[in-house]
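Every chain is named by a letter (A, B, C and D) in the order it is written, and numbering of its residues begins at 1.
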């Protein structure tokens, strides 16, 4: 078991498919507490990524780097730099490690640094910080993903566009947490990585 | 029988009341083939006229002049100068005649000169040019007024805003003809003038 | 109807006050009239006055174009209703410098009659007045037996040319001659996505379905020549340019000024997308505008849509007049 | 959704092309980026560059303010979406004259992060970059633990002040110091009558009833602080001025610049009526604006509504900067 160029690309393409399928749902979540574009932003970026990866890079590091650069240069908004930074940190870490848990931990550190959000701020950080330890402990399950995503519903946003709503941001799932949920679902479904 | 300051003012106040009552209808007619303001234009003007006439002028000529000047300075649009000119011409004529038929004939000449419209152009000229001869012949009836107004329905407009519609102006009563109809109805209802 | 107003009956006086108070450096109110004149009176000394106006609801037209190098005064009628002769006359009188006053009138029977009556009043006061009636809207069939065509956004080019000439010291007769020469070179055509709602009536002038547009509508929601399903911007451009070309016969040896005019509620984004397609279309004729403006200039309250004006620059001097700097709120 | 566009996915590049092609005298496209820079490159020689930008849909902001005396370049993201770091970096690189580049960023997490990453890229290329994050929208509660307040229409005053300073030869450090001093003096609050419809989503950001308004909405249809029945313009003015006064404590011994900003679909007529009531309200505080602008400057596509910005002129020089002439499409 371990990360390879092939299963990494499978994971990402699966993520991309989930984004495409749930584009409208993600945007609807963002309409409630943001500006209604998260699905479109992610879809624009992941389409470009899949397109890019159709020419297979040679190393895992190259795959991560290409994903990062493509997301950074096509998504924009808040999710572009955050997902971009996540993959960039994984690219860096992959020079010295091929452990998916360690890579994702580096990604989370990057996301937190880039956006300044902490757990509880109702951002994707909430999902990542719950699930990364589970991955490291080889305990990731679909239920855990779903509950991590659902748990953002009751939080009051402190970072991102939803923060302008204050208390009224309660009662809605955070769109970036939902898309992150898809990333982890896709990981769970990809044979051979975890 | 004859025109007096009192019955002239009665006539005009009655006209004013009819305009107020049918303001929306006149504007609706104007919406179909113009810009939807004829009722509002006439209402604004006739309110000002009634207000003005609450201090009774001394002579018939003064009454006509006040009506004319008030309409000219408050109505605007096409109907302001046309009705204004009509009453101005009646003021002029009233120096030498108190025959309502002759006065209205002078008014009609003024309207035609001011606006350049001829009978058949689907303007108030159509109603005036049918009814003035009837008044001169002491033959004005409610039926004749109604039919003169209704007859504008099948015409194609050549002057005024409705002319931009060409053939499509057919099938709608001309708003200025309808308001002129009210003027003649009010005249018919006023005791002692005709 | 949801509007930021107080009493629908007072929208014009309140607007005029708001405008002169917001921009005292450019315009000032003419006493006892809903009309504005240049604040910079010195710039008018010894010059012919240029006065325009018409119904309100077309802002920034006309008051936004009052200032050094453009209009001397603008008269603001009720919404979509010609101003009255006394108001127009007040403006004429306020700006006359003994050199006469030139009136720019849009071709609506109300405007024509009211401005004519004002002219009669000025005549009695020995103020020399000449005028031009602008009729640039090609949506309407033309005929000498009818009212003829409407005056719409192309009127701004008339304002600009004559305003520059007056500023440079042209006489009333020279301005009159130039106006006659400019007139047949200005043509406009519009497409609407929705009608304006007059605050007084509270109702839109017409209602288009969610996927319908109408070509050739006027700036007071007068009906146009065809209704159809919404099309891509490119196709709207083709339709409008086609109509204008039928009238003007675009010629790559000639120079054109172009005005892409938003009707009020159409975002600049859409106007620029339209402009991009327009410039592609003009390139097919090997035409590149010598002068171009894009924005909300002659609006119709909250109407959505765009009008397109071509102005053939038949006299090289006109390009200079178009580019001559002005001091106005909106040019 | 009825819009004058071609493909919703292409609105930004088509708009940028339309804009630079319509106004080549002011702006030119930066190669391989959805960004524009001054056509008048000479006016930038030896000066600090001022770069701003953000999501598109706020036209004429930002590209309409690029030109001599104001912005050096503007980056145009997708509709309501921050531009990407490579695009921002391309603009920085295009305008840098060795004197450094100053970035004016509106406070949205996306903008802040993308501009930060662009700054990192510039650092690696040894281009000196400093920046300010504008957060003028007082609708949002402020706290150091949250994202803080949004950047909205007041950003234009920042652009104008810094643009004038750069034009006059100020150094990067001087501009940085001025930006920090200007920032707390700009406050904005809005009222919306309807939301914008993003061409990509095809849906309005929120839906208000036929007689409802919402105070405090953002320029991307972010929700505001209160929804209620529409009121007369006077009362809207009272609400907004009240909110601003709570923050700024209007003082007749101080000078203020005022921006009455239309959100896109609100006619100028309504903006001027609002301005008239505003000036009455300010007179109650014995305040008369030292500088005022009314119009569509920082729009939100086809949103209907108005935002009101007060800028306390804490330094007399700022008034001069506001009045300093510029060569842009839209100031």
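Keep in mind that, in the parts below, a contact is a pair of C-beta atoms (placed from the backbone, for glycine too) under 8 Å apart; a residue touches a chain by one contact, two chains touch by 3 or more.
Bear in mind that the values here come from a model prediction, so they are computed numbers and not experimental data.
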item: Chain labels contacting chain A and also chain D; value: none
item: Computed distance of Cα centres, chain D from chain B, in Å; value: 54
item: Chain C and chain D, separation of their C-alpha mean positions in angstrom; value: 29
item: Interchain centroid distance [CA atoms averaged], chain A/chain B, Å; value: 75
item: Residues of chain D engaged with two or more neighbouring chains; value: 79
item: Junction residues of chain A, two or more chains touched; value: none
item: Category of the chain touch graph - line, ring, star, complete, other; value: line
item: Chain-to-chain touches, reported pairwise for every pair that qualifies; value: A-D, B-C, C-D
item: Of chain D, residues touching chain C in the complex; value: 2-7, 11, 14-19, 21-23, 56-57, 59-60, 64, 79, 191, 193-194, 210-213, 230, 232-234, 236, 260, 264-277, 279, 292-294, 296, 299, 301-302, 304, 306
item: Residue ranges of chain A in contact with chain D within the complex; value: 27, 31, 34-37, 40-41, 44, 72-82, 84, 114-115, 157-161, 163-166, 168
item: Chain B-facing residues of chain C, complex; value: 55, 77-87, 108-110, 113-114, 116-117, 139-141, 145-147, 150, 198, 200-201, 203, 205, 218, 220-223
